[in-house]
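Please find the structures below.
You will see two complexes here that share chain A, one where it goes with chain B and one where it goes with chain C.
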Partner chain A sequence: MSPNIHSLKKQSWFDKSLPVWLLLPTMLALLVVQVYPTLYTIWLSTQEHDAAGWKFVGLDNFERLITLNQFGESVGLTIVFLVFHVALTMLGGFITAFLLSRKIRFSGLFITLLFIPWVLSHVIVGFMFRLMVAPDYGVFTGYLMDPARFPPNGLSILTAVPPKPWIPGFPFPPAPAMWLLILASTWRALPFVTLLILAAIQMVPAEVVESSRIDGANNWQVIRHIVVPLILPTMVVAIFNVILNGMNGVAIIFTSTGGGPGTATQILSYLLYSIGWSRIQFGRAAALALIIALVNWALILATLRFTKIEEGHDQV
Partner chain B sequence: MNKRILLISLTIAVLTVLAACAPAPTATPVPAPTSAPAPTSAPAPTSAPQATAAPKPTEAPKPTAVPPTATAVPKPKDIVFWTQFDEKNMDPKSDSAVGNAYLRDTMPQFNKQFTGKWNWANVQKDFSKMNAELVAAVQAKGEVPDLFQISLDINTFVNNGTAQDLTAWAQAQAWYKDLDPSAVSACTATNGKLYCIPLSIRPQVVLVWKDHFPNGYPKTPADFLTQAAALKAKGVPALTYYGSTFGDGNGITRGMTTMMFSFGGKYDDGKGKMLLNTPENIAAIQFMREIVAKGYVTESSFAGNFQEEEAFKTGAVGSFATGMNAYLFLNTLKAPSGTRYAKGNLNDYLDALAAGDTYLAPFPAPAGKTPGCNLAASGIIVPTGSKNLDGAKEFINWIMTPQQNPQFVLGAVGGFPALKTSLSNSSFQTPYFKQAGQVMAASNCRPWFGTLTKPSVAQPIIMTTLYKLIKEDPTADIAAALTKAQEEYNKDIK
Partner chain C sequence: MNGPSHSFWSGKSRWVIYGALITIVVLNMLPIALTLIVSFKTHEDIIRIPPQLFPCDTPTQAFDLSACRWSLEGYDRVLMLQPSQESFWGYDMTGKIVATYGGNTVLYAVVSSLFVVLFAATSGYAFSRYRFRGHNALLTGIIAITGVPLLTNLLALYQMGIGIRTLGLPYDDRVFIILVYVGFFLPLSVWIAKGFFDAIPRDLEEAAMIDGCSPLGALFRVTAPLAAPGMIAIFMLTFVNVWNEFLAGYLLVTKNANKPVMFGLYEFLGQNLVNLQVVAAACAIIAMPVVILFLFFRRHFFTAMVEGSVKG
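Up next, the complex of A and B:
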């Protein structure tokens, strides 16, 4: 037996078990804060509580949820909200970051100002946007309610009913209140996305850009063929964040539109809140939470596929 | 060697975390001083449900080495009470400023009266979430209060196994016979048992600016349309009310139901199922469609978050269909004549009424019908799992005295006191309460949910359906929409 083999055998227990010990605290933390709540949610989704206590109902909660009149409408509203929220946030974030990446005066001040929405809580943002358009005393109410600008009776953002859908059953075009919600959510999310993209743009090697210009590329071609491909991994991270926040956030809806008018802004996360905290049907709320989690997964996988960024080949 | 040290360090770290997460050891019982009063003087009646497993006096450890001092005062036991009010919030602009002040004044009185025995420990809860929080706490066997302030339907709590049956105990108390029957019915679940102790009842009324309706409020829908048209010509909407779906259909507990019931409408079949598609409900919806379409209703009625109040507070609308406790929140006020009532507290509306600028009225009803109104009740439930049942019951007995009941009603939740003798209190002899009493006597007031066993589920379904029919799609088939809504609810009812 060679000394090397002997030494290997002697230390093999440590070598083998050390990673486990190193990972143990993290695994315990994950068990407590992620695994247990997930398993509890799955259990809860198969239960119903009545005066006698919990009882197993199988998949009844899922079935009743899907047959709710409001569920289908809520799915449609979520699609509309997410598409515009993600698109506007990413586009706005990219344009702002690109402008800030140029050497302009006061760019430091602009970046500081950009932080303002980010440091405000969702609740405050929702209230703020509501106060801008609240009937009777909103900042822009006088302007919006002018029949000359918005005939015949002016535009009351919080109470105007949705236009007739272009496709029956699908809530598009959305109610003005939905645009308010999209605007508020985008305003709140913009700083984070802008800073992520700005950091990525600043990491783009200057010589690559200069080379492309020497080769005759114009501004648009530099952005399209040099900058965007190089910052794509960062943009995917930003998209994940915007999707997940948009999909799961309820505070802005709660304080801005309250899901109204009618059900015009009741996206899935609000419906979840409503079922759990107003209707007090925790089992059904857990079932919806699982559905939303699956949708989140699907959206993330779709984003990965679409942008061709996957583990092992994250270069385009 | 380094690996061993690392391994040992990690093990210690993990054990430390586990030790920190472990439940705290049970506190050693503190020996009661010999001078301490005997355990709870008012034992729970044997018929009381779910009596807690309180240790028997004989099990208490005997005093040991530490001799009691003559001045020793036993530490009072907490009575944990979840309310929507916060005694520590001194902000006069707070929406709950009146209730907060009530707690600040009253809690010391209680604690002084029960020195060394009970301590009133108030836990403020967000009004919109406190019901769900209680249900979650009970169902998860978490920290459950001893008392809980309710202002909604009792059936939701009963259906979720959250409230204790207080029937036998309450009937054995002296104050029970003095309770207003409508207050008792508001606390009685569909199974016929009493699950809450009513403290006040709050009928819905219509607050009217006299300048806009100088000859009295309309008695019939036809009169209303005539007078509303005249007001509209002056640029004044006739009515404001909570007509939005904001708060998951909370509007159903307010002016919406006043109008529906005034046409003879209802939401249940009397046997626990939802019944919306009735001729009376359809007539009410048609009326509401008309007044909304003609601009007789403020647009802010549909904005939610109590936005509808603003038009009334500035005198810009003729009337406001709301609860009789609204005066607690309507401050400051400006009458249509320009007179301001700006004390910034509950007296603003009362002063305006005393000055004759405003009055109360029932909602118009068609010929042969009685004006309707939703009857809400404020009360107390003893949640399942309450740790201090004796304290909870003694607290209820204390607050159900003719001295305390009116104070709670006037200072915290509004409405009429649940005790009939409390009505003779001079505070309820004012013009405001006299008018409210007349409105209630002229109306058929009852809880909106009737026999529905899941009111919290029914509420958003009904309110969303009514809103859509009245405001969002005023050409939709009313009967079809009502049928669809009732079927959705009834699917869940066995």
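Up next, the complex of A and C:
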């Protein structure tokens, strides 16, 4: 029944090579803005700039970077930031998605209101959280600076130094400013995770839930043994997305803590910015950039292996 | 958000759900509400120590609604309205945030989003409809690209900008930044577009081609209209991404007159460390367009996001 298209209409040379033309603009844009810069960064990581121009230094940049005191500290801070950021985001997203999965009145309104943070710029989010605790004039500053609540001098979130670490060399517990950064990043990431989990919960077949109920499962058992296993792949995708965005986000730090006090919130992405553009050591910054990119690639690879589904990630 | 409704919760728990959701929504809106409250305060109320939440206290009362000192001072200092004969509204907005940086950002966001939609549509279509050598390798490569953080590429793009400038070409950093935005936001959009095209049956195009349509004609006359909601979603997502992007605009654009609005906000923050009401007002003004866009097109945002993250 189905006639051969090619016999009906002779294909021109242009039509035959159509996929090439369709892909060409994208490939050119990606070559210039993504592939070339990545290769350049690899080259840059082996170079050092001096009066005579660029000079090949082998792996010196990596060595100097890793022996830098701030690097080790920054790795620790990044781990602390990511662990709490991911845990809070996943927990909050899971609870909110579960509450929203039940069809109730006004759920559309709830979803709309819950999603507004998702379209706000990290620059604005950082400032909004800074606004609450800004020295002297912040909305909560009066409450926090009361010596009766926080002896002896009150708590100044943005300037308080970190407490003595439990394990020497590992920045935990972090400075109050780090909690502010975690809170701000979590607030911004929550809508994304909530929507992913909500979409997955709604894909759980109703019959499976019904039949487990008939078998006498209670709410908790349905969630624990039916829903959680079924949405686990989505949770993993969400976790990797949150890690990726958290690790690479730097704008939110600019306007909330500025990496401070001291270096107390200087996670790796901010360290990269400060080595590159404050100290103008592009070779060393490139070395750090490659290390971060390798971690990202490992995470993406793990996601693909785990889910074997097509995925991108939230870049809003 | 119209999936099947599940009975994870028994009937009695309805009020618990309402209570919990309302609590979450209120906590969630708190940072926004506080910022808006600050944006409507006067400078005298901002610099009071200890700070008051509402500027509504009188010497005799802690809170008196009729005594509230709300003010548009912050907004006025961002917009800097000047009476003007030529303007349609009778006023010109002379504040740099809106007049200079805001205009730049609108330009960058609209132009980059149009290019991203066009390129993502054509390549998403090619990935969805054709099997060619290197098909899967290219798709995987596009995912690998998203693993390079923006900050990594900025090192090279920054050097590239310096290189082009020293060549003495008629160089415009507006063209450069638009190219950078297109390249940054394309990979995700290609995947989203491919997903949308995968969902459209091929039979329709084949029928059109049997009727004498060229493959390109079939794409634009038959498939493209069906894929329109997906393309709108990609446009919106890219528009918001470019609007909110900070670091590339901050580092790659050298001429102050060409800088985008997020740079303007950052600069403003440095200039107004004590004038919190002015910065809060600037945040409200800058966030307004994308929030309104989101409220009108939220369904498109949701599809684009789910499509881009958990396809399959």
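FYI, the second predicted complex is superposed on the first by the 262 of 316 C-alpha atoms of A that agree within 3 Å, B and C clash if a C-alpha of one lies under 4 Å from a C-alpha of the other, contacts with A are read in each partner's own complex, and residues count from 1 in each chain.
Criterion: a residue touches a chain if its C-beta (ideal position, glycine included) is under 8 Å from a C-beta of that chain, and two chains touch if they have at least 3 such contacts.
Bear in mind that the values here come from a model prediction, so they are computed numbers and not experimental data.
Legend: residue contacts after superposition of the two complexes on their common chain; A:Ala134 is shown touching both chain B and chain C. When the shared chain is aligned, chain C comes close enough to touch A:Thr234, but chain B does not. In the superposition on chain A, A:Arg224 contacts neither chain B nor chain C. Between chain B and chain C, the partner in contact with more residues of chain A is C.
Judged by the touch definition given at the top, the superposed model places A:Arg305 against neither chain B nor chain C. In the superposition on chain A, A:Arg149 makes contact with neither chain B nor chain C.
By the touch criterion defined above, A:Pro117 lies against chain C but remains apart from chain B after alignment on the C-alpha atoms of chain A.
Shared-chain residue A:Lys55: touches no atom of chain B or chain C.
In the superposition on chain A, A:Pro261 contacts chain B only, with no contact to chain C. Of the two partner chains, both chain B and chain C are touched by A:Trp277.
Shared interface residues of chain A, touching chain B in one complex and chain C in the other, are 11, 18, 21-22, 25, 134, 136-137, 276-277, 282.
Of all the residues in chain A, the ones that touch chain C in their complex are 3, 5, 8-9, 11-12, 15, 18-19, 21-23, 25-27, 29-30, 32-38, 40-41, 44, 95-96, 98-104, 107-108, 110-125, 127-129, 131-132, 134, 136-139, 141-142, 145, 187, 190, 192, 195-196, 198-204, 206, 209-210, 213, 219, 222-223, 227, 234, 237-238, 241, 244, 247-248, 250-251, 254-255, 269, 272-273, 276-277, 282, 285-286, 289-290, 292-293, 296-297, 299-300, 304, 307, 309-316.
Every residue of chain C that touches chain A in the complex is listed here, in rising order: 1, 3-10, 13-14, 17-18, 20-21, 24-25, 28-29, 31-32, 34-35, 37-38, 46-47, 49-53, 115, 118-120, 122-123, 125-127, 130, 132, 138, 142-157, 159-160, 179-180, 182-188, 190-192, 194-195, 206, 209-210, 212, 214-216, 237, 240-241, 243-247, 251, 262, 265-266, 269, 274, 276, 279-280, 283, 286-287, 290-291, 293-295, 298, 301-302, 305-306, 308-312.
Those residues of chain B that touch chain A in the complex are listed here as 3-4, 6-7, 10-11, 13-14, 17, 128-129, 131-132, 135-136, 139, 156, 158-161, 244-249, 298-300, 302-305, 307, 310-311, 314, 456-457, 459-460, 464, 467-468, 471-473, 484-485, 488, 491-492. Contact residues of chain A toward chain B in the complex are 11, 14, 18, 21-22, 24-25, 28, 49-54, 64, 67-70, 130, 134-137, 156, 158-159, 161-162, 257-263, 274, 276-282.
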